[in-house]
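What follows is chain A paired twice: with chain B in the first complex and chain C in the second.
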Partner chain A sequence: MFYRLSGTYHTSYQADRKLWKIPTDRRLVIALLVLALLAPLYVSPLYLGSYVLPWVIWSAAALSLTLLMGLAGQLHFGFAAVMAIGAYASIHLVRAGVPFELALLLSGLIAAVIGAVFGGAALRVKGLYLVMATLAMQYLVDWVVVNIPAISGGAHATLRTPAVSFLFMPIDSLASRYWLALGWAVLLTVFFMNVKRTSFGRALVAIRDKDFAAAVIGVDPFKTKLMAFFTSSFMGGVTGAILAFCFYRAVTPEQFGFNVSIQLVAMVLVGGLGSVIGSWLGAGFVLLAPIFLTNIISALAASGWVPVSQNFLSHLPLMIYGAMIIGFLLLEPLGLAKIYDNIRKYFLVWPFRHARS
Partner chain B sequence: MTFLRKLALTTALVAGLSAPVAAEDVKFGLLQDFTAVYTFVTGQYNQGQQDYLALANAEGTLGEGNTVTAIVRDTGNQPQRGIEAYNRAKEEGAILFDFLSTPVSAAILDQAQADKNVVITPAHGRGDASDGTVFPYVFPMMATYWAQAAALIEHMKNTGGLEGKKIAIVHIDSPFGREPGPILQALSEQEGFEFQAFPYASPGNEQSAAWSEVRRYRPDYVLIWGAGGGQAVSVRTAIQNGIAPEQIHSVIWLAETDAANVGPQMKGVKRFEATAAGTDHPIIQRIQEKVIDAGKGSGEAANVGNSYYNLGVATMAVAVEAARLGLETGQPLTGETLKAGFEKIAGYDAEGLMPPVTYTAEDHQGGGAGRVSEWDGEKWVPVSEWHAAYPDLIRQVIEKSAADYKAGH
Partner chain C sequence: MAYFLELLISGALTGLMYSLVALGFVLIYKSAGVPNLAQGALVMTAGYAVWLVMSWGLSVWIAIPIAAAIMFGFGLVVERLLLRRMVGQPVIMVVMLTLGLEILLRGLVPGVLGSAPKPIDLGIGFAPIIVGDVFINRTSLYGGIIALLLVGASLLFFRTRLGTKLRAVSDDHVSSWAVGISVERAIGISWGLAGIAAVVAGALWGSSQGVDWTLSTLLFPAVAVVILGGVDSVPGVVVGGILVGVLGTVIPGYLDSIAGGSTRDVVTSLIILLTIMVRPFGIFGREDIERI
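Entry: the complex of A and B
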């Protein structure tokens, strides 16, 4: 009924190669995009600044990480460090007089180069051993940032972002910061969907599934793995810069600590490895669920429904949150993206029962 | 009797209704970290804050009909959650914020300044925020880490002299751990002692590497600069390495819990304190009587009088005093009038719970006084008087750092 799939057949290669093959999907995406673009007009500053904006930026971060973890199958537990490199590089570049647009690109490049150097470990080790190597990157970058005052910004290790403009639009008001972040996240989304259809994307998937089998069919594991780290770190570095300039506007080392890396991994896993919509849903869940839960529980406590101590009150949302993650993963190990996919498939042929996929 | 009481009540009601100034509910946002890094202090600290606000409401400290409400939320020490909590509390009308978290405070400082909301950073946060000309809406309100370091050094000077002595500073490897560095540098030249820093990795559950270095250095005094579980580890490892408890001087974050974790060896360890510990103070006694005994306490009654509990009480005592002075002008209380209220506070000492503080438009630290106390096996006993150590030097460091901050934007 919603999708009206019967009657939509692809009669040309062009139609079959579209990003969104089903007209309803296309219309849905356009409607969401328009809604997202107009968000500053109808979303209150509280929700735009504290919910939508961080969600958009963390979705971009999750997309960057899922390229590496989902498509190429290389585990990375130090991705916050990659973002830190981008954030600090962009601020120092802008302070040195580089235009913001160029600084964004350069900070991405710096993060990509450093990320690819550490990614070199992936040429030798896999799985848990690679996790250890990327953890080393997290701690090394943390240590360098904290211990070099020229990077961290002096005694209090707080670095404020200078005033900048992007393509003549001053990045100052909440709306402009949101639009810039949204633009980057949309760009990454479109890029990710297209990467999956290129020879590079197929090479990544081949490496993920079995790297020496990929080598046998002519995919160079050395080059492909380094490219995966380079691309993903570039995306992560620019996202870090966007996070610094559009959201925090004052950068401290704690914003890119180990726990943030774990949060990013959680976003990718809860959302669904290698999935675009999963990155958005996962980022939204991991980022916003604790906030919503805290507010709901506090409201219940204020009205006398949960008569408990402040300490327990603060831990209650975390317990529910943990239970929700376990629950979702038990219900659907492939993540939120798969849950969405199941619902979509059900409605594809609704009111009939069997989906063609 | 009943009739009389009814009559009195009705008269009071009518009087209340016809009063020219509408009753105001002042809201404070206590958006702290209950679940991640600062758990060692937040529970007791926040309990003290909430209990003092309950006492202020019970006693009508803010004047007729006015009340003060706390908005309490957990931020988990995550800046993005802090930003959400701040924006929400701001919409609910909060005009004073206490985050008790360095990363969250840092992320919100600029926004709060732009919104003209008061942020208090008692005993934590940026030291240079004491410069009210650069940070008009931030109040460190008590001795900053710099003033704490100076107070401890001065105590060493008064008890055993400093000329030619060696001080080891054993600190957590973070910006917080490095805070006393500039003060030690400046004072070592002035007082003729030498010092060396021995960092240990965060969170400090394992420090033996640092302390065996300290042992080789043979210090006369030891400064420990950490927080939470790492503090008890510091004291224990120090004693294992042959350092006498009397030589150990700690930053403000050393409390009854740490003493319980270290055990009887702890006797003789000294720490800086910005507020008195124990229940032997008029405000704490009244809290016990009117809040705890009345069943309105916000947590375990056993915590009342603990160091961090009393610290929380003192912060809210000062904040409520500022609100009272702000309301006295007859204007509705906003961030701006609350700031003005703070700057009217002169010589306020929360009935002896803390050293007298005076805030001015320039000095938001309130003088930076404190004292040193020693663990006697059961409780903290003060071993010096309330006063500010090396105030001119501290002021210089504050102004220099604040100027750097201003230039960096």
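Entry: the complex of A and C
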């Protein structure tokens, strides 16, 4: 149909190395990028601020986590704690007079160092034990943030982000906050697509598939895993700072609790491990599907079609959420990315049956 | 001194109550090799089941067996519908599946049955037992004794014919198939048994703090117990439980006033981290456990 191909054929190495090998894909990406850049012009501020902006930021967070979970195969159940470190570090740095651009980088570095320390502690172990160690990290960081008044400003305090400007653009209006978040998310996306093709990315994949086999071919498992934790935590830390400055603007410890970590893992899994498009789709799906379903059912309940209590409605997001995780694991373990891939492959050579992508 | 003794005893008893929750985790891990992150939610569901049966007007001694039967069936259903399709998948898939189950139950059960705390009256009474200067909580005392009995019973159970089959399944699925053991049924039974352990834990914890969703947060101390004691060790549950309970009560008893509260989670986290760094297979666990 719109691809108008009989298959994908490359006649030069250069054509084969391109990020988007098919012209239609390239055009699609450019169109989406233009649409995303112009979003403040045609999306109403309500939708931009409460749906599109969080979607962009959580996609960046899912991309950071999927580097660790999807490429390197290391589970992390405390990623919200990494983002909390980034968020709090950036706010305190800006308050101490550090320029915002530098504060973003420094907060990412702080998050990366702390994340790599916990990762290093957990690197002797795999699977279940790594889950438990990162879970412990989540609780420890939570406790430190809540109980040290110098960080959180007191147990139940909210910390307002100071006014900042990024590269001489003041980050005050909704559009500027959106553009900053979009810029970071696009940067991460491009980085992620390219890191898969570097020696570092291939080392990560080798570690994921079998770590001692990777050691045999000369990849140092300990160093590579530590690098994975460091890189992923850096990305997560900066994303946390972006989340604080562009979306929340008043930070409390509960915004980075254990449930948020689980939500992030769900985004990565629902989207598809280690996939770029999966991170965007998964973040959007996990973020928006419960909201829409709850809205639909509460509308039905309000009109008297479905007899459900208020208590049931308030627990509905949790139910949808759990059912979503279970459903995807059982029915499509490769996630939304695989569903997208199936549809794309079908249309690639439509009306014929088989594609060689 | 009396304060320390009181913290020590109440910590040990609380720890034994944790080991009730941890027992279900170990039962499933020992036979199916599945880390069951839904055990906290199973305990909560079991607490609701006991409350529901009692709200029909039945006495607690009839309600607990009925709830146990319900939870045994629930465990079988979970294995049949969810876990059986996960055979041979990477451990992250299984962990996430049990986590999804945990989230689903935490929404579904309080959503349908009501989220306000429900009382369970086990007929134990609330007056503390006083020995010398030390006050002992009656519910935790009975809970501790029941935990010891239940752990003893599971130790004996693993020596019966069925228990031997479960141990064989935990060693190697394929070899068990080869000698004619139904692996699926064994795993199903282990989930059922974990459901029964959850009923005892749910009833006791429910009577001490009321049945609501917070019961599912028992997962975290239970995980610490399991990691410390060894993921595949039934006696480890008792030792780990007492250690986690004592450390998690005595240290906050002195530090909470200085550090500003809720140091219990910190102690639990540190126990998990230190165990994983020093001795990942726990006190009584088998060393090859590291390979999962």
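Simple rule for what comes next: the second predicted complex is superposed on the first by the 333 of 357 C-alpha atoms of A that agree within 3 Å, B and C clash if a C-alpha of one lies under 4 Å from a C-alpha of the other, contacts with A are read in each partner's own complex, and residues count from 1 in each chain.
One rule holds in what follows: a contact is a pair of C-beta atoms (placed from the backbone, for glycine too) under 8 Å apart; a residue touches a chain by one contact, two chains touch by 3 or more.
Just so you know, these numbers come straight off a predicted model, no measurement behind them.
S.K.: Touch check for A:I326: first (chain B), second (chain C), both, or neither?
M.R.: In the superposed model, A:I326 contacts chain C only, not chain B.
S.K.: Once the structures are superposed on A, label A:L75 by its partner contacts, choosing first (chain B), second (chain C), both or neither.
M.R.: A:L75: touches chain C, not chain B.
S.K.: For A:Y129, decide between first (touching chain B), second (touching chain C), both and neither.
M.R.: second
S.K.: Between chain B (first) and chain C (second), which does A:L46 come into contact with in this model arrangement: first, second, both, or neither?
M.R.: After superposing on A, A:L46 lies in contact with chain B but is clear of chain C.
S.K.: Between chain B (first) and chain C (second), which does A:L318 come into contact with in this model arrangement: first, second, both, or neither?
M.R.: both
S.K.: Both chain B and chain C contact which residues of chain A?
M.R.: 146-147, 155, 311, 314-315, 317-318
S.K.: Along chain B, where are the residues that touch chain A in the complex?
M.R.: Residues 34-36, 43, 46-47, 50, 72-74, 76-81, 83-84, 87-88, 91, 102-103, 106-107, 109-110, 126-128, 173-175, 178-179, 182, 298-300, 401, 404-405, 408-409 of chain B touch chain A in their complex.
S.K.: Which residues, counting only chain A, touch chain C once they are in their complex?
M.R.: 69, 75, 121-122, 124-129, 131-133, 135-137, 139-140, 142-143, 146-147, 155, 262, 265-266, 269, 311-312, 314-326, 329-330, 333
S.K.: Which bits of chain C are touching chain A when the two form their complex?
M.R.: Residues of chain C touching chain A: 35, 82, 85-86, 89, 91-93, 95-97, 99-108, 110-112, 114-115, 220, 223, 227, 231, 259-263, 265-266, 268-270, 272-273, 276-277, 280, 290-292.
S.K.: Using the touch definition from the top, list the residues of chain A that touch chain B in their complex.
M.R.: On the chain A side, the touching residues are 45-46, 49-51, 54, 146-147, 152-160, 162, 247-250, 252-255, 259, 287, 290-291, 294-295, 298, 309-311, 313-315, 317-318.
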